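In structure tokens below, several structures.
In what follows, chain A forms one complex with chain B and a second complex with chain C.
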Partner chain A sequence: MMSMYLDFVRIRFLMMLAYRVNYYSGIVIYAINIGAYYFLWKAIFGEAETLQGFTVIQMSTYVAVSWMARAFYFNNLDREISNEIVDGSVAIQIIRPYSYLLVKMMQGFGEGLFRLLLFMIPGMVVVSFIFPLELPTDPVQWIVFFVMIWFSFLINTQLNLLTGLGAFFFENNQGIMSMKRIMVDLLSGVVVPIAFFPGWAISIMNWLPFQAITYLPGSVFTGRIQGTDVWNALLVQVAWTVVLIVPIMLVWRAARRRLFVQGG
Partner chain B sequence: MLAIDVHQLRKQFKVQKNREGLKGALQDLFKREHTEVAAVKDISFQIPQGEICGYIGENGAGKSTTIKMLTGILVPTSGKLLVNGFVPYKEREKFVQGIGVVFGQRSQLWWDIGVIESFRLLRKVYRVDETDFRKRLDELVETLQLQELLNRPVRKLSLGQRMRCELVAALLHNPSILFLDEPTIGLDIVVKTEIREFLKRLNREQGTTILLTTHDLQDIEALCSRVIMLDDGRIIYDGGLEELKSRWGKGREVQFQFTDPVTLARVSALTGELEVRWSLDNDLTAKVWIPREMNVSEVLSRVVGRLDISDIKIFETNTDEIVREIYQSGSAEAPRDLSALTLGDNPDAEVKEREKTGAGAAR
Partner chain C sequence: MNRFAFTLGLYRDYLANYLKTKLSYRADFWIEVLSDLLFNGLNLVFIFIVFMHTPSLGGWSEAEVVFVYGYFMLASGLFSTFFSAWNFSERYIVKGEMDRVLTRPAHSLVQVMLENMDPPALFGGLVGLAILISSWTTLGLPFHWYDPLALIVMVLGSCFIYMGIYTAMAAISFYSDAPTGIGPLIYNIQNYGRYPVEIYNKTIKFLLTWLLPFAFVGVYPASFFLGRLEEWWMPWLTPVVGLVFLTIGISFWNYGVKRYRGAGS
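Let's turn to the complex of A and B:
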């Protein structure tokens, strides 16, 4: 049973290797993004020592690590699922004795694993040479960080599954998918750390799953969250992972009922 | 035991209604109107184990919808449905272990990886034992001659090669029922024949129940002992192919090409009291329908001496013809005379169709 799901991880990993051009262009895009945000934040800081409690070095570390974490948790499962529903090939998935959503998740994991090993880790090494970063020295902090980006992956993937399944209910799912994408980037803290939002916005975002994707692991990595607060941050991630299972199951069940396989 | 037991099965779809004009579009933005469309209307049939059954009908008659319900992809609106002793959509994971499905227009192989990789993955998906898998794969590869294809990525296969691989993929877990949705679509005659032979052998040796939908009636003639014909969501015929033929194929038709213009009255006069029916395609071409009991030569002898004939064609009604006639009338209950065919609203279109089938029969 498990070996089947692991095989999906393996095959997706191999497929990513096969499409190398995507890989190289990805590196370039991420390098440009990290560079752009680094210089932007430098300009914003100007003469100031700290902004919202961030030092310049903390900020650049946060920018680099959040983009690198994004490389791991990011996937296009929403678009894949949506396409499979629209072109009807989801039918093939339903006649197989496995859980479609779990298979999709494993494929996303294969993709994430590929980027983690061939993209994020070498990328982090390169970035740490170019920009002044402050990497954690405590090994526990590293371990917690990797556990946390695993949950980032789970939460982000769950959101992707949910939006992808929207294609069962809407004729055109594009709008919802791009809305989700912008919301994840903006509200998870990739573009702007959540500490920079106005107070009322922060209190809303504390109740949304997005901050658990980038802001919490990024804050732990840069040392802004320390001590027992680290466990609280992890707990928030675990809670969201569990909570999100409910709407996914509900949507999946409803979708199976009203499944309309297009084309015949 | 019954492989498939269907009772009063019905499937309705909600279809969005798009209102006209700008105003309609704005109204649609806030409140959608839906109409219910029934694709399958309360059909019932039983298929015993080990039977090859053809499931035919025009585009949109509800064939694919039925197959999708039988395979557990769609949930029926109402009715009873038992396949292999399971209600397909309820115990999905257990149920699909026992069936194999090939969709002619969709691939179930993974596009980017080698064929053999796909098979290995399917082995794990269906939890097939390694030794069983090897044995079965060797058998299938040998009968379908796939040796050289195994290491190629699926996207580099031709349609015929791919379809043979699809069959292997559907059969690796040794299912007792095989569903084929237009398995020969787009294939050349050699591959078609190969696949038919393979399916026959599979049915004979393993006793696999096969239900196939197709538009190619030669598939049906080569494989099926029984046909279920569907029209507008209802079953209009369920029985043997031979019976269908004898009930419908009531005669032959002879087409004359004359050198001089003729009239209907003139040619009718030639055959006099004989029970044949003449029809005129144009000034120079006439057709005569002859009942099965009558000898063709009887008619020919009356025409040949009297008029100059440049060409003669004899059409035997084949299954294509019969089925087209049934589709057009929408019922298999009351067979009309074949001659009625050529008296349709659009004789020209009919003639072209006919010539095509004529050529097909000659080949």
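Let's turn to the complex of A and C:
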């Protein structure tokens, strides 16, 4: 049973590997984006030593690592699921002897593994040569960071499953998908670290799953979260991973009752 | 002149056709408008949040940066309405649609533009104009009778720059079969133009001014209205650079069409 699911990981990984050239330009694009924010933040800091507890070098490190983490956890599962629902091929998949959502998750893992090895890690190396960054020296910090972006991946993929399944209920899922994408970029702290938001916004965002995607691992990597707080951050991520299973299951149950495929 | 009228007539007909198809899927249209605006909203939120922590960005105040962003939205919204051939290589070269285009009398580039019209993007442009006007009043800028005319000239110049660059990018597929991935690359560099060029280092400033002149779709023309530039002629280079890049882009396209040998199917 398990080996079947592992095969989905393997196949997706190999499929991505076949199109790896597309991702080389991805590294350059992410470097360009990091560059834009690097210069912006440098200008924002101006003469100031620290802003909201960030030093300039911590900020550039945060920007670089959060974009590179995005290179890893980002995937288009929402669009994939949405398309399969719209064109009806989801019906064939549902009657197969596997869990549709688990298969999607496994395909996500395959893509994630590819993105980690051929996108994020080489990208991180390239970026650390271009921009002045302060990488952690403590190996424990590195290990915790990699564990944490694993959870970032899980939470982001769960949100993708949830938005993708929206296609069961809405004729046009495009708007919800792009809204989700913008919300993840803004509220997870890729564009602006959460500490920079006004107080009322921070208190709302602390109760949303998005901060667990980028802000928490980024803060651990830059050393802004230390000691026992690291474990609290990890706990928040684990909690969201577990909690998000509930809405996915509910939506999935409701969705299967609604499904009808035209023409079959 | 006759030819010009003919092309304009084509635009009218294609637009009517577009509206007819979209009116049967009204929700799609508004969803496209919404996601377009959300994307711009994200960048504006970034600007607002950032200015909570700093009084100026490279010597530019919040209202000025918003003004520049409004100009950028106006020009790029207008441009994307009439030109959005992002998947040119896939749709026209790989699938062989270019052969169909070439058998028709209108200029090939005009046809490609017509077939890829994207009117929802116009709303982004309108919002840009609104932002421009509102920060104009916030800043208390003087209003001269020639300002609207200057704005039209500047925006046209900016659109020409985009058109020249992206026409050249699309035309690359006449010369090379393999997807180059250069389009998204340029698109991401384009985002640098939204902010004052003073914040970048010399190399990037040079690149954005002369090689990929995206600074002319934002900072330079906007600083004419903001009345803040040491070199008074810099904003006026916008239409000049626009014409130069448009000419280069179209020549590159025309030469590519001449070289084009068909999809072979």
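Here is the rule we go by: the second predicted complex is superposed on the first by the 260 of 264 C-alpha atoms of A that agree within 3 Å, B and C clash if a C-alpha of one lies under 4 Å from a C-alpha of the other, contacts with A are read in each partner's own complex, and residues count from 1 in each chain.
Note that a residue touches a chain if its C-beta (ideal position, glycine included) is under 8 Å from a C-beta of that chain, and two chains touch if they have at least 3 such contacts.
Note that the structure is a prediction, hence the values are computed from the model and not measured.
Once the two complexes are laid over each other on the shared chain, residue contacts for A:Val246 go to neither chain B nor chain C. Of the two partner chains, chain B and chain C are each touched by A:Glu171. Using the contact criterion defined above for the overlaid structures, shared-chain residue A:Ala36 touches chain C, although it does not reach chain B. Of the two partner chains placed around the shared chain by superposition, neither chain B nor chain C is touched by A:Val140.
When the shared chain is aligned, chain C comes close enough to touch A:Leu186, but chain B does not. By the touch criterion defined above, A:Ser25 lies against chain C but remains apart from chain B after alignment on the C-alpha atoms of chain A. Touched residues of chain A were counted for both chain B and chain C, and C has more of them. Contact with chain B, but none with chain C, is seen for A:Met15 once the two complexes are overlaid on the shared chain.
By the touch criterion defined above, A:Tyr98 lies against chain B but remains apart from chain C after alignment on the C-alpha atoms of chain A.
Of the residues of chain A, those at positions 171 touch chain B in one of the two structures and chain C in the other.
For chain A in complex with chain B, the touching residues are 1, 3-4, 7-8, 11, 14-15, 18, 88-89, 91-92, 94-98, 171, 256-261, 263-264.
For chain B in complex with chain A, the residues that touch the partner chain are 13-14, 16, 64-65, 68, 71-75, 89, 92-94, 96-97, 99, 101, 103, 105-108, 110, 112-113, 117, 120-121, 124-127. For chain A in complex with chain C, the residues that touch the partner chain are 21-22, 24-25, 28-29, 32-33, 35-36, 39-40, 42-46, 48, 51-52, 171-172, 174-175, 178-179, 182, 185-186, 191-192, 196-198. Listed in rising order, the residues of chain C touching chain A in the complex are 25, 27-28, 31-32, 34-35, 38-39, 41-42, 45-46, 49-50, 52-54, 56-58, 179, 181-182, 184-185, 188-189, 191-192, 195-196, 198-201, 204.
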